[in-house]
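Each structure below appears as structure tokens.
Below are two complexes that have chain A in common, paired first with chain B and then with chain C.
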Partner chain A sequence: MDKVIDFEHNMAAHCETGTLTALLRYKGFDITEPLIFGIANGIFFGYLESSNFPFPMFIVRSRPGQVRENISRRLNIKINKYRFSNKEKGEAKLDELIGKGIPTAAQVDFFYMTYMPDWQRVHINVHFINIIGKQDGKYIVSDSYFPKKSELDSETMRKARWAGGHMSPKGFIYHPAEIPENIDLKKPIVKGIKRACRNMIGLPVPFIGVKGIYKFANKVKEWPSLARDTEHLSHEIMKINILLEDQGTGGAGFRFMYATFLQQAAEILNNKDLDDMSKSMMENGDKWREISYFAAKIGKNRDLGKDRLEELSCLIKNRGDYEKKIFSELKKMV
Partner chain B sequence: MKEKDLYVDFKPQQAVYYVEKDDSSFGMVVSGSQLSHDYLDDYYEKKRNLEANLREKIVNNEISPVYYYMTLQEMGVGDLASRVGISKRKLKKHFKPEYFQKLSLKVLKKYSIIFDIPVVSMLQLMIIKQEDKDKISVEYLKSDNESFIITKIGLKNNG
Partner chain C sequence: MTVDERKQLTHEIKHLIIEKLKITHVTADEVDDDTPLFGKDNPMGLDSIDAIEIVLALKEKYDVRLADQNLAREILTSVNSIAEFLEKEFNERKKS
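This part shows the complex of A and B:
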């Protein structure tokens, strides 16, 4: 089966919002990635310690899949979803959809995206790509993280779609089926902001939202006791920069993208306060980025003594204080 | 973040960032990764040291190839156990050389798929000398026999 869909490839900040935005735009719904992110209350913080990760880590966005579910519910968009335990059936369905000219998003293990630079390839089961064709036994892929369209052979795609493990993709694919005409974004925007505020300041969970930022600030001081050696500690400290900047966040742990959402939301809702808030969020992002720079610098210099980690902890705690304040204000605005 | 303050020229790793543009509007730009631009050498140095350290442990019969690849690929014990379809306790046994020796070909194949390496690499490490790395090419050719691959080693055609 050879079929290549005429699909415009664009990079995006994040794979989940990027694939969904691209599929909706392909179907004629003119929407931006920050609006998708904000309406779906993608902004988040969580500090996680689990045997599924080799080291404690933090997350800066909501649970994978939630963006898609929230957008579907709040904008009344019908999305067809498929999950397969049988690989042959899963492949046949994907081929069938492509054969019909339907670009389809797939959940994959990022490790098998062989077109990416080797230093970026890690096992993460919640990467999303759009599959836009199949030619000579290879799938044509539009990946938000890569500058151009790429290819994956069938065997690699199979490994990636049925990787197993934590948050296993299980061959999951989806595509938007029906989009209502003249969608009014006002109510969904308000809903998205309210939910984001609840997640950041309203949940009684000690490792989620602002509480998670405080936990991260405290726990990072204990990281030396968890690392194998100084180089391992340096690697984990420098990964703070990766998680905030390079792992598909749009910079500053999604705070820049959320600022952009608030600016676009202010215009749609004609709300000056939200516009001011977008500037505060951008400044907040700048401070998160300072943490990224700081972590990279002390990691590179192996300058990882108690004082330095105390300094890092203090910078993170300040973000907790600031986000507690701005999300409280944001909650009152909508 | 202002657009001009963010931009980094690093073609091998590009990403989208949201920034403040000249007209004060916020929007996306594509830029190189600042971290990779500045510190990729450091990343590779640490990776090389880790690999050498783990290799020494394998050779000294302290760890198994399962532990070697899991650590190199930064996987969590819970995640790897779930991918293989065994308990964490059992996986930890596979970290020990004496238990690793008893593993079946079927289990080794599972590991090789997860680590994306030929199954033979679960039993041997092929190293090309640093100075020859640019000259030598290694190609794994699959055959219709699932348990058999041909490894083709040759000089790279630089012409």
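This part shows the complex of A and C:
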């Protein structure tokens, strides 16, 4: 089967929002990646400790898949989803959709995206790509992390779609099936902001939202006692930078993307206060980026004494204070 | 931007990088405008942490934000690609 869909390829900040945005735009719904992120209340913070994790970790966005679910619900968009334990059936369904000219998103293990530079390829089971054709036995892929359309042979695609491990893709694919005409974004934007405020300042959970940022600030001082040795500690401290900047976050742990959402929301809702809030969120992002840099630097230099971690803790706590203020003000605006 | 202005800008970028990263073993004249900034081909031998510092330095000096890291990777490819990005930003500012 040879079929190549005429699909506009664009890079995006984040794979999940980028993939969904591209599919919706293909279907004629003109929407931006930040609007998708904001309407779906993608912004988040959680500090997680568990005996299942080798080391504490933090997250800066809602769980994978939630953006798609929230967009589907809030904009009343019907999304067809398929998951397969049987690889042959999973491949046949994908080929069928491509054959019908339907660009389809697939969850894959990022490691098998062989068109990416080797140094970037790590095992992450929740990467999303759009598959936009098949030619000479190779799938044509639009990956929002790569500057141009690329190819993956069937064998590699199979490994990517049925990779094992935590959050394994299990052949998951989806495509938007029905999009209502003339969607009014005003109410969904307000809903998305309200829900984001609830997640950041309204949940009585000590490790979620702003409370999670404070917990992170306190706990990072204890990390030396959890690490095996200095090498391990430095690796974990440098990972702060990776989680904030280098995991498709759009920079500064999604704070820049959320700021752009607020700016676009301000225009749609004709609300100048939201535009001011967007600027505050951008400044907040700049400060998170300084934390990234600080963590990367002390980690690289093995400069991990008590004073340095105290300094890092203080920078993180300041973000907690600032986000508490921002989201409290934001809550009053909508 | 005239040819001379562009030359001045690339020179400024090289100095900014050298100064911010406290590079002592290379001068601005030794850095080629098109050579990749990261990797073994560049005499400065920069890494990903240096990349964040360059991003912060560009923000401080020119008030430009490289928010998206996928885009940032493209922009930080070479001195010339940074200059191209800045030129575009300056033109946008003039328009608005």
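To be clear about the criterion, the second predicted complex is superposed on the first by the 328 of 334 C-alpha atoms of A that agree within 3 Å, B and C clash if a C-alpha of one lies under 4 Å from a C-alpha of the other, contacts with A are read in each partner's own complex, and residues count from 1 in each chain.
To be clear about the criterion, a residue touches a chain if its C-beta (ideal position, glycine included) is under 8 Å from a C-beta of that chain, and two chains touch if they have at least 3 such contacts.
Keep in mind it's a predicted model, so treat the numbers as computed, not measured.
Q: Determine, for the superposed arrangement built on chain A, whether chain B and chain C clash or fit.
A: By the criteria stated at the top, chain C and chain B clash after superposition.
Q: For A:166, decide between first (touching chain B), second (touching chain C), both and neither.
A: first
Q: Touch check for A:50: first (chain B), second (chain C), both, or neither?
A: The answer is first: A:50 touches chain B but not chain C.
Q: Which holds for A:252: it touches chain B only (first), chain C only (second), both, or neither?
A: A:252 contacts both chain B and chain C.
Q: Applying the document's definition of touch, where does A:13 land relative to chain B and chain C: first, second, both, or neither?
A: Both partners.
Q: With both complexes superposed on chain A, which partner does A:282 reach: first (chain B), second (chain C), both or neither?
A: Touch status of A:282: both partners.
Q: Between chain B (first) and chain C (second), which does A:290 come into contact with in this model arrangement: first, second, both, or neither?
A: second
Q: Who does A:235 touch here: chain B (first), chain C (second), both, or neither?
A: Only chain B; A:235 stays clear of chain C.
Q: Which partner does A:123 reach: the first (chain B), the second (chain C), both, or neither?
A: A:123 sits against chain B, while chain C stays out of touch.
Q: Contacts for A:34 in the overlay, against chain B (first) and chain C (second): which applies, first, second, both or neither?
A: first
Q: For chain B, sort through 5-13, 77-85, 95-103 or 131-139 and name the stretch that clashes with chain C after the overlay.
A: 5-13
Q: After overlaying the two complexes on chain A, where does the chain B footprint on chain A coincide with the chain C footprint?
A: 11-13, 144-145, 147, 241, 245-246, 248, 250-252, 256-257, 260, 282, 285-286, 289, 292-293, 296, 300
Q: For chain C, which residues count as touching chain A in their complex?
A: Within the complex, chain C touches chain A at residues 48-49, 52-53, 55-56, 59, 65-72, 74.
Q: State the interface residues of chain A toward chain B in the complex, per the touch definition above.
A: Residues 11-13, 18, 33-34, 50-54, 111-112, 117, 119-120, 122-123, 144-145, 147, 159, 163-166, 168, 231-232, 234-235, 238, 241-242, 245-246, 248, 250-252, 256-257, 259-260, 263, 278, 282, 285-286, 289, 292-293, 296, 299-300.
Q: Can you check the complex and tell me which residues of chain B touch chain A?
A: 1, 6, 12-20, 25-28, 30, 33-36, 38-40, 42-44, 46, 49-50, 71, 73-80, 82-85, 88, 113-114, 116
Q: What does chain A use to touch chain C in their complex?
A: These residues of chain A touch chain C: 11-13, 144-145, 147, 241, 245-246, 248-252, 256-257, 260, 282, 285-286, 289-290, 292-293, 296-297, 300.
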